[in-house]
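Below is one structure, written out as structure tokens; the observations come after it.
Going by the order they are written in, the chains are A, B and C; count residues from 1 in each one.
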Amino acid sequence: MIDAFAAEWYKLRTVRSTVAILGTVAGFMLLCLVWSWYVARYWDGLSAARRATAQAAAAEQPLAVSLPVCAVVLGALALTSEYSSGMNRTTLAALPRRPTLFAAKAGVAGALMLVAALASLAVGSGAGHVIVGDRAVPTFQGPAADVAAHLLWLGLTTAAITLVTFGLGAVLRSTAGTITAGMAILFVLPALAQLLPGPWDERVWSALPGNLSNQIAGTPGSSGGHGVLDPPVAVAVLVAYVVVALGAGAYSFARRDA
Amino acid sequence: MVDAVAAEWRKLRSVRSTYWVLAVTAVFTGFVLLLAVQMAHVWDGLSAERRADLLLRPLQELGGWVASLCLAVLGVLFITSEYRTGMIRTSLTALPRRRTLLLAKAAVIGAVALVAGEAVTVGSFLGTRAVIGGRPFPDQKASIAHDLPGFLVAGTVVPVFALLGLSLGVLLRSTAGSLVSVVFLWHVLPLLVFQLPEPWSERIGSVMPGGLAHQIAGLGAENSIYGDLLPSGTAAAVLIGYALIPLGLAAFILVRRDA
Amino acid sequence: MIEVRELTKRYGGTTAVDHLSFVVRPGTVTGFLGPNGAGKSTTMRVLLGLDKATSGAALVNGDRYTALRRPMREVGALLDAGAVQGGRRAFDHLGWLARSNGIGARRVTEVLEQVGLAGVARKRVGGFSLGMRQRLGIAAALLGDPGVLMFDEPVNGLDPDGVRWIRELMRALAADGRTVLISSHLMSEMELTADRLVIIGRGRLIADTSVRELADRFRRGVLVRSPRPAELTAALTAAGGAVEPMPDGAVTVTGLDVAAIGDMAAARGIPLYEVTSHSASLEEAYMELTADSTEFGAPLERQAS
């Protein structure tokens, strides 16, 4: 098992797409700093009256939007890239115990994305708060514990989305299909859900994987409208997504011919 | 050129991914119509004052928005699947004039996407109108002839995304990289721009590809993440620019790069 | 006819092909030989206009490939048989290729029959074995009935039947008066197929010769064993042969062939226990020629040779 993890980690970190994805995450982390700098300047230019009502997205907003996308791509490529090149056969010859291999791949991909997300969020948000300083922008002045909880859950949902896409990739086996399906889950389904008749529009929207994080631990200082689920329910839904996707993926991976 | 177009057309229609993408697009359009049935049902149960808030237009436009993504994926796959398998070398051996090859690909995918785009946008519009029958939704009071041009324009955004996908595919040669870039332009970037404070969210939101059809048709951008600052001629020019500038860049690179 | 003149191709800092010149003439099968990484595939890619030459020229029928209007009618090429989209049917794969060069649909059926794939024409290429893909690639090359054919490692991965089929096809194509260039890293294969050989190593020309010339060049004489070596040596020297004694009492004769030596010994009543033509095999000749230019040779092996 440890060998399998080590081998998969070796594979993941020596492929160019991983570097590209982590580079993208780093790029959006820098965008958090630019964003914070911009908010600070914007705030300074506002009159006291407008400051009372002004809204500005939190420092980590660029990462909050882009991390799910990066998670979809990494989760999809972790398995489907081997199918498209035929390398999956080499891999299975080296590690014929498929459940172990599947767990190793999923674990490595999820862990990498979790670490990348948490690290970039911590740096992006921390530096953003330093840049904005003591200006009273509501989204930059939340209590440290709330901010930490918010970032932690952003990171955890990122890892969960990686795992969900990974499971999807094992079922679909196609890079293009998996990435497109992942993007549809992130962007098309919420738009569709909003068109459902009430109260289903809100209920369905709230249960979609991309919208769970803010219901578990929302952005401190931002106004509501994040969904209708209680935090424990949202966590349960998130876990259910991961379990179902990984289960379907593992079943497909173990049963079908390579 | 005729031979090249015919060959690319044969290529496009002899792989399964083409039919998958078109099927997903069609199924989604069907889904839009189903939702319209549901909305008509909801309408019947609402009081007069709540009816004034029930809009059909967002649903009617959803089909074109999703078709943009689907056909962009097809545009990406049309070239990156050749790079992935190495078949691009066979293509370039059969058609060594690379500009002609790219132009033929663009013509084929552009035409398919235009037909699909118009079918989806016009189909969504006429279909939802048929479904709601005579119910006077507040945003459906104009005649079909009056509203149709707006949907025809919306259909032209679909081939622009397909060509964007093709160009990005040529430039990046990677399916995953090109898909992500297309999705970024399609929705992630507009979402980020929407978060900018005024006036920048509206200024930049006005030049996002997804928001141009509204501006060309002279419609506003309420309830959308886009802006509406451009006059229709400028918006049309920007839309054409989104298709042609990346394509020109792709041609420039393709001609100079070793295959 | 294929002409490569002073061709140089660099990728960044590595020189893949270095001032290479050779000509491939019609009516012969020319083997393009060299160890892995010698620059064979690069040369073919430049010939097909896929990669641009850093300097020099690579011409087919006197033109750059990219200047040909319907290239498949003049040049047929098989580079990498695996490079096909698996989701497409064999018939459609050849169909779009034919369409791109204004070749009629009937020709598709013809070449499919010619390479023995008519039965699987409607099957998706993804399910093909390596040998079937190789045949499909050859069908694509033959599609335009071209006068010039280029095949990159065509026998890779084929079973003995397939190898023999390709060998006979190549010879038949050359016999029609076509120009046939086959790259390979196996001399043993080229020995049976090719008339002429262009051997390169590290991007440079090592030999441009016929198979026979190469064999002659590496002829090492005839090994003769006899109980009366002194008498034999005198007789052979008188007949114009050069005789070199071997440590075990046998002699190596150069300048006379086996028949001449046998006749002479019989005429003088000298018994012969062994007469062996001791030419180096083409394989050995090739190994010797390319010994200094293998890219990935194991260091120990290189010392041993």
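The definition used in the following text is that a contact is a pair of C-beta atoms (placed from the backbone, for glycine too) under 8 Å apart; a residue touches a chain by one contact, two chains touch by 3 or more.
Just so it is clear, the model here is predicted, and its values are computed rather than measured.
The remaining chains, considered with subunit B omitted and nothing else moved, group by touching as follows: A | C.
With every chain reduced to the mean of its CA atoms, the largest distance from subunit B is reached by C. Computed from the mean C-alpha positions, the centre of subunit A lies at a distance of 26 Å from the centre of subunit B. A straight line joining the Cα centres of subunit A and subunit C is 55 Å long. Computed from the mean C-alpha positions, the centre of subunit B lies at a distance of 52 Å from the centre of subunit C.
The residues of subunit B that reach two or more other chains are 17, listed in rising order.
Against subunit B, in their complex, subunit C makes its touches with residues 11, 45, 48-52, 65-66, 68, 70-72, 77, 79-80, 82-89, 92-93, 95-97, 99-102, 140.
The touching residues of subunit B, when paired with subunit C in their complex, are 3-4, 6-8, 10-11, 14-17, 81-82, 85-87, 89-97, 258-259. Contacts from subunit A toward subunit B in the complex involve residues 17, 20, 39, 42, 54-57, 61-62, 65-66, 69, 73, 76-77, 81, 84, 175-177, 179-180, 183-184, 187-188, 191-192, 194-197. Interface of subunit B with subunit A (complex): residues 17, 20, 31, 35, 38-39, 41-42, 58-59, 62, 65-66, 69-70, 73, 76-77, 84, 174-177, 179-180, 183-184, 187-188, 191-192, 195, 197.
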